[in-house]
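Please see the structure below; I have some questions.
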């Protein structure tokens, strides 16, 4: 657990980067600091491991006032991942990851073994261990950065825009990886970003900062979307708030049966028929033909995303994107279990709202 | 108009960056090249102004084979905006913008006057003209980069990830600016990005490339969303395809009347009542009270985006984000004209689909 | 060239002296330049003092330094130390700037990462900052070494100076071959030393050659 | 102040070894080799420290024990220890020198061989102005450029002496080297028309320069003399070096210099050994 | 030393301090001009084409190894007295730093900027002259000032061949055991070096675009 108590940072030149910040980061969660450039996110983060000392106020990590701990010792117990990974270009990937254990006095063998394990944990082939950072792609470097921060198994992890230098596709991978890791390792993570989508995706709680180091809102993502505290938050959270709120709703939507047909089969098509393969996985829709036809590949109308039962957002999108206006529902194996209708999603939302499940 | 005819580029080391590309960029439109890293977007773009020469195939700009034109002369007639702007650090902003006119032999006065005009056109205070690039923010530098490319009023503009180095908020500004400019100046623009959202927002036509320099699909944004040519495109275009398709639909949605009340008024509230100010602009919802009340600020339930009549996407989001499930419709002045319901949007979509307005 | 072949032993002897007289000042000067360069890389004030001072030191004619050194440090006038000290001074003057530049060029995010991982200052300097500054430092060291090899000849003033002896003798007896021999010796030695440092640099900084 | 006048750390070489030094011109080098080889032949441990740049350095070296023995010339050495010394004659100079030397340094017997300064002109200049002696030069001094070592301007037996005794003032003085190749080159390419060279310099003969006589004795005597650290001057050392001085006259020195200047440029050590054996020392 | 330096007698005549200073400055200036004329085009060309960089660095290091005195002696022995040997020796001294600085400067210009220059339609000469060299100027000046320093310091050797300059004071002072004069010479050389460096620093301020100075409104973090 990390507690900011009335923390203020004023730089020598008079800039107030953080202003009377009060905030508690729960143990075992990802908390995201988000806000426009220069709003004091990095400064807040760096005060936790004393890269910067606050002008006033107190920061506690697991109940201990950090100002009473010798900085290097404190830092060895807190993982830190920076933008651009900040890897040591002169050390191999393995040695980069082994850095903190070695600093903490582990013997070289043990540190290396641990480092190799970590590479696997972050999804890198151990063969990469021998390379130098310059020989890795941006996304791979980020993974190494995360592995390095995890090496000494610190309970707390600080991540400052760790994924901002990679392209959107890789970025999504890394985000998913982080969520998986967090589920596994159960760290207390503070994650800084200026990308609101990233914040909403990763954060259990999201702290929205505004210029001058003020905390504009500190809430769960769903609440930020549905009940922004003020215009600044509303505009920062951006458009599609209503649609995105659905991400956080898992209300039941009625699943309707659907007429299916196998590829190659002869069948009588009346309205929309869902064509599936031998494993009952969806291949496309058939429509506009009357009477008995043989189901062939070229008649298929494809498109439409699939709904795997996770959130109302997926259900609505499946329905909206489907040529038949029926969203295909699949199980874990990808087999069709039925269809959902957009109207039902809207209904489910209204119900959830009435039941107070949608935060205000 | 720019035509790629069976254009292939194989680099000395054997990499095939572009493979038999056939593609026509219509005059007066923005065409976006999008695709994952390394798929040959930059290479394709740079063959147009002969920064790279193709291994085989022909490129025509307005009917003329570029390989028959002296490269520097060709380039002076084609605006080129690079990632990170690529401004000349040793020249003032004004001189940067005046570069091409001066190269083409304009006299200094005229070139400067033109440059000053252009700064205004791209939305920069002419006072910036005296500064050096290092004194500008990233977003401002991008604008200068665009101004420089526009200086000689070239009919064709090549833009290679011009906005990738700026943060999302500024980026949105720049995108809007570009759309406004294009509407005004009517250039033929090829725009490279690896951000699919940017591509969908800016492109009249979008060319999706995949690794190895293959063109995976070349279509209008709505079509990419609703009818991706294959799995690669579908997954590259990403989730929310159904929802985002709505962006390109402008079908009518029935606007229902709504009970409104003014702030400070005494009124009888039964169900959801929309509270408005003196100019009839929405302030929030009132609900959960019975009988006559005085409408006061603290009873308001705020939240919910507004629908200004632009696309089905806005209508649906307004309805979904509204605490009352009623999306507030406003006119240009921001005054309330009624409400929309999510169900109606779903209906409108179905109708549009039946009418063949949604591309497959 | 024939002179070298005919007087191989003599040539070898002056080569050895020349080598000794250039290696010692380079090592000592480098060792001194590291802390000074570090200081200059951290403090603009130190920069403002050290750089002009280095310039001025560099302009002091070697003969003047050779005359003054024994007075300052109390050695005998014909002692080797008396040649070595001025060369150390020149080396420091040359190297301070490269060490400072090299250290300043270490990317800020890397040093920040090191600090954040719990490095204490000395260890960080020795294991992160300094190794990363090596490529630029070695480039500076190459220049300093080569310059030193060329400057050692001034030692001829006090009857030392390796190839410098050949210059004096050749000059006095109008013997161009001998001067040329010394010149060739100097250049060959310098090119060899330069090559050794280049290789050393490659071996010590394997990361600098990988990737893009 | 004079940095050379204050003391340095004095740590003499091992007492049983004699360090022989030389200045950085061939004749000095040769004489030092002769001393060294002769001493070595007598079983005395010798080490060499040759080619020391100039008198300031090596004289200081003898004082602080860096070297023990070096061939010197009576006149210049006297001027070095006593700038104002007026003596010019061979015996007077030698006597004055013995007195003037600082504590701990002695000179042994002087040789007959002399290598003194002389005003030298090229054959062409000599012919043009019909020059034989400095007296002949007087009317033309103001037309000629003179070259010599920098100190020649101030030495009593330099320009001041020429002015005082012959009333000769040159058009210009060019500071060159101490009777070395630069001076020779200057004469040859007519940068200077007259120059200060040393009488035993083989270049004079080789280039057919003309040495002008010095009837008024501006130039002091310059007999070759060993300057030695008194502590190292054992009887055996004294005897050996005195024996050398006895055999060494100006003609011998000229011949030796000629040998050194031979096209194959023999090493001085070799020339020294040959001479010692031919002289039977 | 101060006695000698402030004696009015030493400040007049054809061998006075002002004349020596002027001679020294002239050697320096002329040498730098010649060296720049050789080194800048070479360094710029190799930097621009990117071919032969290894050679340039190696060559400039080998040139640095040439002992100036030895070169001077050799040229005197071959070509006789005069200013020519001095210039040969000093130019050889000044070429390596200027060449290395120019090469490094042109190489260090960011590829994006060079790319942009081609992209707006500059010809190769324009890319080099209008973009690469102006952007390389800080490093070119760096090399140039290093060279100036070395030349000022080393021009004393002109005295070795009987020529003028502040070296006269040093050499003559030594020969005459006039240590005041010798030190005065050394101090004047150092002073001249500082002045020359200041002059070039001023010139650099005037000619290097303000855009290349590390300023910026946003500030760097």
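By written order: A, B, C, D and E. Residues from 1 in each chain.
The working rule: a contact is a pair of C-beta atoms (placed from the backbone, for glycine too) under 8 Å apart; a residue touches a chain by one contact, two chains touch by 3 or more.
Each chain and its UniProt protein: A, B = ABC-type quaternary amine transporter; C, E = Osmoprotectant transport system permease protein.
Given the structure is predicted, the values throughout are model-derived calculations rather than measurements.
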Query: In this assembly, which chains make contact with subunit A and also with subunit B?
result: none
Query: Through how few touching steps can subunit A be joined to subunit D?
result: 2
Query: Cut subunit B out of the contact graph: what components remain?
result: one piece
- request: Starting from the Cα centroid of subunit B, hunt down the chain whose centroid lies farthest away.
  value: D
Message: Of the pairs D-E and B-E, which shows more C-beta pairs in contact?
response: B-E
Field: subunit A-subunit C separation of Cα centroids, rounded to whole Å
entry: 54
Query: Taking each chain's centre as its mean C-alpha position, how far apart are subunit B and subunit C in Å?
result: 59
- request: Could you give the separation in Å between the centres of subunit C and subunit D, each centre being the mean of its C-alpha atoms?
  value: 37
- line: Where subunit E touches two or more other chains simultaneously, the residues are 77, 174, 179
Field: Of all residues in subunit D, the ones touching two or more other chains
entry: 3-4, 54, 56, 181
Field: Those chain pairs that satisfy the touch definition
entry: A-B, A-C, B-E, C-D, C-E, D-E
- request: Using the touch definition up top, name the residues of subunit C that touch subunit D in the complex.
  value: 7, 10, 63, 66-68, 70-71, 74-79, 156-159, 165, 168-169, 171-175, 177-178
Message: Considering only the defined contacts, which subunit A positions touch subunit B in the complex?
response: 36-37, 167-169, 194-196, 225-228, 234, 239-243, 245-246, 301-305, 313-314, 316-323, 325, 327, 342-343, 346, 349-350, 353, 360
Task: Please give the residue numbers of subunit E that touch subunit D in the complex, ascending.
output: 76-77, 80-82, 159-162, 168, 171-172, 174-177, 179
- request: Flag every residue of subunit C that touches subunit A in the complex, lowest number first.
  value: 109-110, 112-120, 123, 128, 131-132, 134, 205-208, 210-212
Task: State the interface residues of subunit E toward subunit C in the complex, per the touch definition above.
output: 58, 61-62, 64-71, 73-74, 77-78, 149-150, 152-153, 156, 167, 170, 174, 179, 182-183, 185-186, 189-190, 193-194, 197
